[in-house]
Amino acid sequence: MPETNIITTIGPEHYLVLSALLFSIGMAGVLLRRNLIVLLMSIELMLNAVNISFITFSHYSGKVEGQIMVFFVMTIAAAEAAVGLALAVSIFKRFKEVNIRFFEHLKG
Amino acid sequence: MMLSALIFLPILFAIVMAFWPQKNTVRHLAFGFSIIQFILSLGMLQRFDASSAALQMVEKSVWIQRFGISYFLGIDGISVMLVMLTTFLVPIIILGSWNSIDKQVKGFHSALFILQAAMLGSFLAMDAILFYVFWELSLVPMYFIVGIWGGTRRIYATLKFFIYTMAGSMLMLLAIIFLMRLTPEVTGGNISASILDFYKLNIPFIAGDFLTPQTLLFFAFAIAFAIKVPIFPLHTWLPDAHVEAPTPGSVVLAGVMLKMGTYGFLRWVIPLFPEAAEHFAWLFVLVGVIGIIYGALVAMVQPDVKKLVAYSSVSHMGYILIGLFVMNTYGVNGALYQMLNHGISTGALFLLIGMIYERTHSREISKYGGLAGVLPHFTIAFVIVTMSSIAVPMTNGFVGEFLILLGSYAFSPIVAAFAVTGVVLGAAYMLWMVKRVFFGPKGELITNAEHDHAHALHDLSAREFAVLIPLIIMIFWMGLFPNHFMDYSKASVDHLVKNKMDYSIPMSTNTAQTGER
Amino acid sequence: MNISMADILLISPMIALFLFSLIPLTIKVLRGNVEQSPTATIVEALIGLFLTAGLLIVFGGSGKTAFNGQLVFDGLTQWMGLIAVVSAGFSMILMYENPATRGKQFSELIFLAMNSILGMLILVSAVDLITIFIGLELMSLSLYLMIAMSHEQKISKEAAIKYFVLGSFASAIFLYGVSFVFGSAGTINILDLMENASTLIKTSKVFLFGVSFISLGFCFKVSIAPFHAWTPDVYQGAPTPVTSFMATAVKTVSFAAFLRVLAMKPLIGSDNLFLVLQWFAVLTMTIGNVAALVQTNLKRTIAYSSISHSGYILVGLITAGISQNSVFAASSVVFYLLAYSLMTFGAFAIVSLIEKNENSVVQTDDLAGFAKNQPMLALCLTIFLLSLAGIPPALGFFGKFYLFSAAVSEGLLWLALWGVLNSAIGVYYYLRPIVVMYMREGDCDISDDRRFGTTVAIVTAALLIVVLGIGSGPLFEMIERSLM
Amino acid sequence: MTADVFLFWFLAFMTIVSGLGVVLMANPIYSALSLAMTMISVAAIFVTLQAYFLAGVQIIVYAGAVMVLFVMVLMLFDLKHELQAFTRGRATGAIKIATVGILSGLVVGAVTIGLTIGGKNQAEVASATKAAGIVDTTRGLSEALFLKNVFGFEALGVLLLVIAVGTVALSRSKGGTHARD
Amino acid sequence: MNQQALIAILLLSPVVGFFLNGLRFRSKNYILAGTIATLAVVISFVCSVLLFLDLVGMPPEARRITANFFEWIAVDKFKVNAGFVVDQISSIMILIITGVGALIHLFSIGYMHHDKGVTKYFAYLNLFIFNMLILVLGDSLLTMFVGWEGVGLCSYLLIGFWFNDSAKAAAGMKAFITNRVGDAAFIIGMFILFMTFGTLNIHELNALAPTALEASWLGAVTLGTLMLFIGATGKSAQIPLYVWLPDAMAGPTPVSALIHAATMVTAGVYMIVRLNPLFISAPNTMMVVAIIGAATAVLAATIGLTQHDIKKVLAYSTVSQLGYMFLAVGVGAFGAGMFHLMTHAFFKALMFLGSGSVIHAMHEEQDIRKMGGLRKYLPITHATFFLGWLAIIGIPPFAGFFSKDEILWKAYSSSAGHILLWAAGVIGAALTAFYMTRLMALTFWGKSRVDKNVHPHESPISMTIPLIILGILSVIGGWVGIPHVISQYLGEVPNFWEHWLAPVIRILPLAPAEHGADHEALEWTLMSVSVGVAAISAISAYIMYTKKEGSADRVAKAFGPVYQLVNKKYLVDEAYFKGLINPLIRGSKNLWYYVDVNIIDKATYKVTDIVRGGGSFVKSLQTGNMQQYAMYIGVGVVVALSFVLMR
C-alpha cells in the first residue's frame, strides 16, 4: 500500500476521528453545562457522533445494517428528547429552575 | 430417624409455641416439650454403642445433588455427650427463666427451641454445608435472645456477638467451598461436602511455607472456631454478650454455644488438616495458655459478677483448647470432658447469678456482702458450683482439668507449668468473689433489702431447687464416676488420636445398629 | 427472511403483554378519560402478567431463535423473564397500594410498567446488540416516566431527571460501543460475534473498545461502581413500588443482557478488561457495603445494599465470562438474581407498607416497635434482611454459596474472599433494622389503608425465600439444565 | 485536493465548531441554534458517505422535529440569561476536562492504530472501499428495515406509543405541583 | 467382718454424719448434731482399731489391706482407682485422725453449743474427717490428692465459719489459695512421676523408685519429689507457704486443734513418709526438705516469742513443730517424723483444746496479756495444759521428749544430716521452751489481769474429758518409741515404733564417721544438751514473766527494731501483698484496661471506624450533583479503557 497523505486521502479514520471529537464535545457538555436543556442537547451531540460512526462503518464495510441502526438511534434519540423535555418541563414546574445545581436534594 | 427427630422436634415445638393461644401456659408447655426432647435424647443414648468409634445412627440422603451436599447426620463419641448436654440444659434453662423472662414469653421459647435445634444440628451434621447452615442458624435466635431480653447495652453486645462470629464463619464458608472443589479427587469425580470425603483428602502441606493450601484452609476454619470458643485475643465479644444476655441466654451461650467452637476444632480442624494442626499446635497451645492466665487475671478484677464468670469462661476454654491441641489421648479426652463440665458448672453459675439478680437487681460485687447469712441454701449451691468451677476433686471440673494438664505435660512440661497457674488463679478469683459476695458484713444491697419488705430476699424456691439439684447431682456424678460419661467417647477419641495423620470416621453400615427401622 | 407463525408464537408473551397493557388505558379512553377502579386495572394487569408468564413458560425455553436471529428463546430468557415478570408483578401490587402511585393516573402508570416489562422481555431475549438497545430504551424510558409520575412532591422529579440524564449518557456510551463492534466485526449479532470475538479482540483495538464501552454501559445499568452513583439517589427518590420494580426486575434483566454479552467470552482474549471488571466488582462490593453502613434512610440503605449485591453478581458474570463452561456460573447468577429479587422486593415492600402518605420518608430508626405491632411482617422483614446478609438456610445464603462456588472453581478465589469479607461488613447494616424493630420501644405501624395485596406478596416472598432456600438444590439443577 | 476531500474538511470543521458552540455558548438559545447547525453538518457528512436517505431523515427528524421541541421548551421557560452556565470547582472541572481529553485521545488512538472494519484489517479495508461501490441504499435500507429488522421496527413503534402516553401523562401529573389533597 | 467393708464403713460413716447434719444445717439442736457427728467418728475409730488389730495379726511383711471400690479415671494408660490401702503408716494415721477427731468432736459439743451454726459446723467436721481419711488411705497419689484438696476445702469452710467477719472469711480464702499454690506444684509433681514411672499408685511408685541415688537437680525423681514437697509446704505450712496457718486461727478453736494442729497440716509429712523410697532416691530433695524444715522450725518459733494471741502462739508453735517433722523426714528419719507427728497430734491438740477451754472461759478473749492467774479458775484445763507444755518443751519422759530427741539425733547423725541442722533444731527447742513457758506464765500463772466483767469458769465435762484423755496421751504417747540408748537401761523395752514401721521405711545408713564406739556417749551428750537448753530457756522465761514483771518489756525495748520486726511476723504477709498480690491485682486491672479494653476492643473499633470512615468518604462523594456522577462514569470509562489498552 502506497504512502498516503492524511490530508488528501480521506479514509474511515477521518470520519471516526471526527465522530470521536464530536462525542467528546458532547460528553464535555454533559459534564460541564448546568442548564438542563443544554445538557440534553449535549446528549444529542453524542448520539450524532455515534451516528457518524455507524454511517462510516456502514459505508466502508458496505453493510446496510449500519444505516438501520442509525435509523433506530435517531428514533430513540427523538423519543429521549421528548421524554427529557417532558421531564424538564415537569421539573421546571416544580422548581421554577432548570439549572441542575438546584437538584441536589438527594445525596449522601 | 432418631437424630432427625432430635433436630426437628424442637423446630416443631417452636412453631407450636409461636401459635400457642394461651399465654399463661406457655412456660409449662415449653418445659414439657424440653423434657420430651431430653427423654428422646436418652433414648438415643441408650441405642448408642459406646464401644465403637464409628458414626452411628447415620442418616444420609441427597440434599443438593449438584454439589454433593447431603442431609447427612451421624453421631459418634465426640458428639454424643455434647448432644446430651444440650438436651439436658434446655429444660433447666426453661425452668430457670420461669420468672426472669416476662415479656414476649412465646417468642422467647420459640427462639430457645430453634436455638436448640441449630445447636444439635451442628453437633450432628456430618456434611460441611449442613453443618455450616446449622452453625450460622444458631446465631440468629441467640442474637434475638440477647437483643430482646438482654440488659441495657444489649444491642451493642448482640451486634458484637453476631458480627464477630459471622466474620469468622465467612472464611470458613470459603474454605468449605474450596475443600468441596478438591473432593472429586477422592470420590471419583463427584463433588461432595461429606465429612467422610473431606477426611480422605490429602491436602498438600509444606511446613515452612505459609501459603500452602492446608495452612490457609486450616486457618480459615480455625479462626471461625477460635472466635466462637473464644480464644484470646478474639474473646472480647464474650464478656459483653454474657453480661448483657438474659440468664438463659448466658447459660446457653456458655453451656453449649462455646462448645460448638471446640467441637469444631475436634471434628473439623484437627482431622481435616492434621499436618497443619500439628505444625501450628504450639500456636494454639500458646494462646490457650495465654487465655487461661489472661482470663483468670482479668476475671479477678471484674466488678461485675457476670463479667467475672464470663472471663472465667475464657480461662476455662483456654484449658479446653490446650487439651485439644496437645493431641494426645489425655488432652483430648480431658478437653471433651471439660466441655461438659464447663457447660454444667458455668451454666449453673449463670443460673445462680440470674437468681440473685432477680432478687437484688444488681450484679455489682461491691454492693453485695454477707449474703450467706440471708440466703443459706443459695450460698451452699453457689459454693458447690464454685468448687466445681475451680476443679476441686470429686467434682466434675477436676477430672477434665487434670486430664488436660496431664496431656499438656506430655506435650511439654513448660506448657503444663504455665497452665497449672490457672489452678491457683482460678481459685483466687472465684473465692475472692465468693468472699466478697457471700461473706463479710452485710452489704448495701442486703441491708436495703432488709429494710424494704417489698424487696425482701427469699431463699431458694422449690422451682429454683429443681433447677439446681440436677446440676449439682451432675457435678458430683461426673466428678465421682467420670467413666460413666467418658466411656461413650473414649473409642472415638482413641481413634482420632491414633490416626491423626490418616483420619477417617468409619461409618457403621449395620442398620440394626443405626436403629433406623 | 419472512416472518413465520413460529416467530409470532415465540414472541407471544410480548404480544400478550402489550395487548393487556392497552386494556386499562383503552377503558379509560372509552370512559371519557375517567379512571376506572384501580382494582380493575391491577387485576387486568396481573391477568396479563400471568398470561405472559404462562406463555413464557410454554414458548420461552425452546432454544429457538426468531426474527432472523435477533431474538433467542432459551433457558436464560425463560428464567430471567420469569423472574422479571414475577418481581415486576409483585411490585405492581405495591403500586396498587402505595399512596405515591395509586390515584388519578394509575392506568397510565400500569401501562408504562407493563411496557417496561415488555422492554425487559425484549432485553432478555435479544441477541442482537441493537435489539438489546431498543429493549433497554423501552424499559428505561418507561421507567423514567414512571418515576416522574409519582405523587410525591419533591424528590421524585429530581430522581427521574438524574436517572434520565445519566441513563441517556450511558446509553450514548453503550451505543458508541455498539457502533465500534459493528464496524470492527461487521455484525452485531452476539451469536455471530462469539465465533471470532477472541481473535478480534487481540487484533482490533476498535473492537476491544467497542466491547469495553458496551460492558461499561451495562455496568451503569446494573449499578457497578463507579457507575453506580445514580442508584442511591434514584432508589431513594422514586416511589417505593417503582424502586422495588427497578431494583428487582430491571436489574435482573440488565444482568441477563450483560450476561449474554459476556458469555460471548470477549474477556478471554483480554486479560486486562477482565481484570478491570474484577476491580470494579471489588470496588462495587466495598462501596455498596461501607456506604450502606452509614445510611439512616432505610430505602437508601437497601439501595446501597443492592449495589453491593450487584458486585457479587458481577463476580458470577466474570466467572461465566472466563470459564470454559459458563453454564454453571450463569446458573449461579440466575439463581442469585432470583434470590436477590425476592429479598429486595420484600425489603422495599415493607418500606412501602410503612409509608403513611406519598411524602413520607422511612428512616431506619422509625422501625422501632414494628415487631410489637406487626409481628408477622417484622418476621418477614427479618427473613428478608437475614437472607440479604446471607444467613443460612435462607435463599440468599445459597445464592452466595453457588456464586462463590463458581468463582472458586474458576480460580477467582480472591474475589470470593473479598465477597465473603464484604458480607461480614454487610451483616452490620442488615441487622440494624432488626435491632430497631425488635429491641427498641416505638410505635411503628403500617398505615390504616387496606394493604392486603402487599401483605400477601410479602408473605409469599418470605415463604419462597425459606422454602426455596431449603430446597435450593433441585431449583439450581433445574436452572442449570435449562441453561445447557 | 479534490472536491470531496475539501468538502470533508469543511464539514468536519463546521461540525466541530458548531458542536463546540453548543457546549460553549452561554445562552441556551445560541446553543440550540448551534445544535441545529451541527445536525445539518452531520446530515451533509451523511451525504458524503452516500447515506442519502438518512441524511434526509436527519434533517427532518433532528433539525426539524427535535430542534423545534428544544426551542419551544426553551421559549416556554423564557430564560433570559443564565447566571452560571458552567459548573464551578477547579478540581472537578480539571478532572472533567482531562477525562474528556483522555477519552478522545484514547478513541482517536484506537481508530487510527487498531482499526478493523467488518472483520478485516486496514489494508483490506482500503482496497475494499473501492470494490464496494455504491449500494442502492434506499432499496437495501427498506429491505433491511422491513424484513430483517422488523421486530426492532415494531418495538420502536411501541416505544413511541409509550413515549406519547407517558409524556402526556407526565404533563398532566399533579404530583410535584401541589399537594394531592 | 470383711476388711473391705470395714474400710468402706470407716470412710462412709463420716459421710453419713455429714449428710445427716448437712441436710438440716439450720437446726440449733447442738446435742443431736454433736451426737450424730461424734458417733460417726467413733464408728470410724472403731473400724480403725479393728483394722489396726487385723494388721497386727498379719505377718510384718504382708501388713497391707487394700480395698478397690471402683475405677475412677481411666484414660489410656492413666488408670486411677478409688482404691484405699491400710498399712503400717496409714493405720497409725487413721487411728490418730479418728481418735483425736472423736475427742475433738466431743469437745466441740460443749464448745459450740451456743453457736447458731452448730449443725453446719458438725457437718463440716465430719466432711473433714472423711476427706482426711481419703487422704491417708488413698492408694495412689491422685486419690491422696482428692483428700488433699478436700481437707483444704473443709479447712476453708471451717476457717471462714463465722463468715460475717470479713477478716475470717479472708483467712479462709487465704488458706485455700495458698494451699492451691502448693497443690498446683503437687499436680505437676504427679505428672512428672506418672510420665517417669507410668503409674501414680503409691505402692508401685515405691517399688519402682530407683535404688541408686539421683544426683542431678533436674532428674525426674528429684523434680517430681521437689514438686510434691512444694505441695507439702502448702498443706503443712512451711516456708514459703506457711502464712495461711496463723490466720487460720480465725476458725473455731476445736477446728484449729483438729485441722491445723493434729491432722491436716501433717499431711505433707505423711505424704513424704508414704513416698519415702522415692524421696530417698533424691538426696537433693531431701536436703531441701531438711533445710526448709529447720528454717521453718526456727523462724516460726521466733515469731511465736512475740505473739499475744493465745492461738497465734500455738499456731506458730505448730508451724515450728511441723518444721521439726520436715527436718526429720529431710534427714531420712521417717520413723521419727511420723513419731513426732503422732506425739504432736496429742499434745498440740491438747493445747489447742485447752486454749479453747480458756477462750471459752474468758468469753472469747484471746489476748494473753488480758489473762493471767487462771490456774485457780480452770484447774483441769491448767493441769492438762501443763502436761502438754511439758511434752512440747521436751521434758522426759513426756511424749515430746522422745520424738524430738529422735529427730535431733538423726539430724546430727544421719548421713543426710548436718550439725547445723541439729543446731537449728536445738535453737528451735530452746525458743519453743521459752515461748511455751511464756504462754503458760501469762495465761495461767502470775497475777490475774482479767477484765472485771469477765468471770472465768471451768468448762463442762464434755470439754474436759477430751482434755484429760489427750493429757494422758501426751504423757504416755512417747513410750512406744523409746530409743535404744534409754531403753537399754529400762530393761530393754522394745521400740514398738521402729518395728512397726520398719517394713515400709527405707533407712538411710548412718554417716560412716558415726560408726565409732562413742556413738552412745554422743547420743547422750546431744540429748542432755537439748534438754538442758530447753530447761534453761523455760526457767528463764518463767522468771521473766512471773517473777520479774516488766523485764519482758525491757528486753523487747532492748531489741528494738528486731522485736518489732519479729512481732510483725517479719512482715512476710506484707511482703507478699506488696511484692506479689497487689502487683498482680494492679497488673490485672491494667491488663483488663489496656489489653482488653484499649487494645483488643480498640482495634475492633478501629476496624469499624475505618469501615465507617470509608462509608463517610463514599457518602461525601455522593454529592447529589448529577454532573459529578457523570464525571465518575467518565473517569471509570477512561480508567477502564486506558487499562485495557495497556495490555
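List of remarks:
Going by the order they are written in, the chains are A, B, C, D and E; count residues from 1 in each one.
Here is the rule we go by: a residue touches a chain if its C-beta (ideal position, glycine included) is under 8 Å from a C-beta of that chain, and two chains touch if they have at least 3 such contacts.
Predicted model, so just to flag it, every value in this text is computed and none were measured.
Steps from chain B to chain D, taking the shortest chain of touch contacts, total 2.
With steps allowed only between chains in touch, the distance from chain A over to chain C comes to 1. When every pair of chains is scored by its C-beta contact pairs, the maximum goes to A-D. When you average the Cα atoms of each chain and compare centres, the chain farthest from chain B turns out to be D.
In terms of Cα centroid distance from the overall Cα mean, chain B ranks first.
Chain centres were defined as the mean of their Cα atoms; on that basis the chain farthest from chain A turns out to be E. Note on chain placement: the centre of chain B and the centre of chain E lie 38 Å apart, centres being C-alpha means. Averaged Cα coordinates give chain A a centre that lies 4 Å from the centre of chain D.
The mean-CA centres of chain A and chain B are about 66 angstrom from one another, to the nearest whole unit. Annotation: 43 Å between the Cα-based centres of chain B and chain C. Those residues of chain A in touch with two or more other chains are numbered 12, 16, 23, 26-27, 30-32, 34, 40, 56-57, 60-61, 63, 65, 68, 72, 76, 79, 83, 86-88, 90, 94, 100-101, 103, 105-108.
Contact of a single residue of chain E with at least two other chains is seen at positions 619, 622, 624-628, 630-631, 634-635, 637, 641, 645. Across the assembly, chain D contributes 87, 96, 99-100, 103, 106-107, 109-111, 115, 117-118, 148-149, 152, 156, 159, 163, 166-167, 170, 173, 176 as residues in contact with two or more other chains. Under the touch rule stated earlier, the contacting chain pairs are A-C, A-D, A-E, B-C, B-E, C-D, C-E, D-E. Residues of chain D touching chain A in their complex: 1-2, 4-5, 8-9, 12, 15-16, 19-20, 22-23, 28, 31-32, 35, 38-39, 42, 45-46, 49-51, 53-54, 57-58, 61-62, 65-66, 69-70, 73-74, 76-77, 79, 82-87, 93, 96-97, 99-101, 103-104, 107-108, 111-112, 115, 117-118, 123, 125-126, 128-129, 132, 135, 137, 140-141, 144-145, 148-149, 152, 156, 159-160, 163, 166-167, 170-171, 173, 176-177. On the side of chain E, the complex with chain C involves touching residues 611-612, 614-616, 618-619, 621-622, 624, 626, 628-630, 632-633, 635-637, 639-641, 643-647. For chain C in complex with chain E, the touching residues are 161-162, 165-166, 169-170, 173, 205, 208-209, 212-213, 216, 219-220, 225-227, 229-230, 232-233, 270-273, 275-276, 280, 286-287, 290-295, 425.
Contacts from chain D toward chain E in the complex involve residues 87, 92, 95-96, 99-100, 102-103, 106, 109-110. Those residues of chain A lying in contact with chain E across their complex are 27, 30-32, 34, 100-101, 103-108.
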